[in-house]
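Here chain A shows up in two complexes: once beside chain B, once beside chain C.
Entry: the complex of A and B
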């Protein structure tokens, strides 16, 4: 196995289990639909709240998607093979998370125009929303992978991952929604996007190693 | 400087006997100091010219909030020690201190809410410091949930160590993101660099209460660690000897 074949296998597995990704997307759209139904469908409420609603829904959907990323590998013993295969485990984890990130965030971006229209997000803020998603979601995936790796040996790990990881997502939500809000009232928003990037970069430094530690602990 | 004492404390056996000597004095002296601080603060300190007597809740609120943060910091440090040096005692420390920290965060939330009702007229505001203590409480509960869910001790230890370390790195980010997001709470009561703005009759009992809280929690933590050590090392000869000699 090389890093390249590892990546290719991951892509192929993801493609064959596309229902998981579709589920996460459906979940995302459904959570978004809850807010106009549950609170208020008027533009006066939705337009200022749109960024926050989209981000909260995206965070929940990503948590749902990330929870299972090691499940199948753990069950069939693939995880053990990665530990002993001689390649650097943190690099493998990084590749895997990157592929999953792309597989979820790319379709998420495709439905973004749809949901932002549904929530009456002012059109000027749409590209800011896209920028925050691109800059912020890597952090969500990188941190979520740690939680997923820690709880992989449990049968019912999903709630636990949400409990443990969600508090770490708060800064991302805050910076992302602040950026969208700022763009709506005409304030500079680049700073918030930069903060998102910084948080993502920091988790890029920490997460692969921590995920590797967690995977090793779960396998033994 | 010799590090022998440090390595000795890293072994469960010598830590057990060391903590057995210190747990009770730490707890009792903490209790006495705390009672002195609280009685002084609650009964004798002058009332605030604006808030009257309601400000007195800080004699519980501030120490609890400080300890909630200190305990999390300690968890993070223990997590690093556990991951890097694989010291046996570090995960036991995490297991012992996490619930204490959670209780401290909870106390500071509740007392803060009670104080907020009289000072701001509402039980809860989405202010930066309140929110960050709430997040801290969530982090503690996550660690405790993880500990309880993972039955295999080695895995549970690794898992809590990893989460504590990630939390230690993340805590400043969470803190500052929330601070930039919203700020209503007054600034820190004590800082190391500046003289407190309160008169001495007010902050001296607070300082005493803080010290009392710290000592008490230290004693509690040592006690909890003793129990964990006995549980985990119950196969060893010295634990059998200890239990037959002194009971549990």
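Entry: the complex of A and C
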């Protein structure tokens, strides 16, 4: 096994199991679409809340996608093979999370113009929204992978993943929505985006090692 | 290919769920040897293989491979071994060929075809693993033995789900491997008809 074949295999498996990605996307669109219907469809309410609604929906969709990231690998014995293959397990974890991040976030970005219009997000804030998604979601995936690896051997691990991981997601949601709000009222937002980027970079350094430790413990 | 390697496991202490599986276990495996690990269910046979492979960490003990201590630097050993555990390690959404290439990317199409011929899977190259029976999946997992060039094989119940012809094919491959100087550490409840083994009994 090489890092390249590992990455290629992960891409193939994800491509052939598209329903996971599609489910996350559908969930995201449905949550965003139901908000105006359930609360208030007026532009006066939706425009200021749009960033928060989109980010909450994105976090829930990501939580849904991240829960099963290692489940199949644990069941079919490939997780064990990664541990003993002689390659660096943190690097393998990083590759896997990066591929999943792209597979889930890229479709979300594609529908972002549509949902932004639906929620009447001012056009000036759209690119700030995109920037927060690009800067903040890597952190969500990297932290989520730790929770998923910790609970992979448990039958009812999904609830535990949410309980373990959600508190760590809160700062990301706060920084992201603050950046969008700031852009809507004409205040500087770069600081918030920079904080998101910093949190993601910190996760990038720490998370692969912690995920690898959690995977080893689960295989044990 | 001729191998020359050795594996020394000394004073290994394995514990699982606060239960001692084995304590002060020592054994040596030399080139051209098959060591069959025997014991009751739950005696720790699979755990022993996992410890050697590096999937589990022993509480105490030392593992030497080719004279080098690999207890805490298992990558050196892992690059020279094939470990086939209880799980087949195959992705159900991939074809047989894609699965095998993910483990052995340097395999040529001719080599792949000849191995699948040997394992009676010649017409299944493009078949998805999810469509295979348990025995066929086991054969695919074991195909890595033909495609890799590693001196040490760690096989956990390799004959599980195999039919008589499958067992014979794998046994002959094990014999060929030890003739070339390879080493095999395996767990099985089945007596090997054509391979001379040394037994290690876990109680």
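Simple rule for what comes next: the second predicted complex is superposed on the first by the 220 of 220 C-alpha atoms of A that agree within 3 Å, B and C clash if a C-alpha of one lies under 4 Å from a C-alpha of the other, contacts with A are read in each partner's own complex, and residues count from 1 in each chain.
Just so we're on the same page, a contact is a pair of C-beta atoms (placed from the backbone, for glycine too) under 8 Å apart; a residue touches a chain by one contact, two chains touch by 3 or more.
Note that this is a predicted model, so its numbers are computed, not measured.
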Discussion item. For A:1 in the superposed arrangement: first (chain B), second (chain C), both or neither?
Written reply: second
Worksheet entry | chain B versus chain C as contact partner of A:19, first or second or both or neither | neither
Practice prompt. Report for A:220: first if it touches chain B alone, second if chain C alone, otherwise both or neither.
Written response: both
Discussion item. Contacts for A:150 in the overlay, against chain B (first) and chain C (second): which applies, first, second, both or neither?
Written reply: first
Discussion item. Output the chain A positions appearing in both contact lists, the one against chain B and the one against chain C.
Written reply: 220
Discussion item. Show me the residue ranges of chain B that touch chain A in the complex, using the header's touch definition.
Written reply: 83, 135, 138-139, 141-143, 145-146, 149-150, 152, 154-155, 158-159, 162-163, 165-167, 169-170, 173-174, 177-178, 180-181
Discussion item. Looking at the complex, which residues from chain A come into contact with chain B?
Written reply: 143, 146-147, 150-151, 153-154, 157, 160, 163-168, 170-171, 174-175, 178, 195, 199, 202, 206, 210, 213-214, 217-218, 220
Item to complete: Flag every residue of chain A that touches chain C in the complex, lowest number first.
Response: 1-2, 4-6, 8-9, 12-13, 16-17, 72, 75-78, 80-81, 83-87, 216, 219-220
Fill in: Touching residues on chain C, where the partner in the complex is chain A
50, 53-57, 74-75, 77-79, 81, 83, 85-94, 98, 101-103, 105
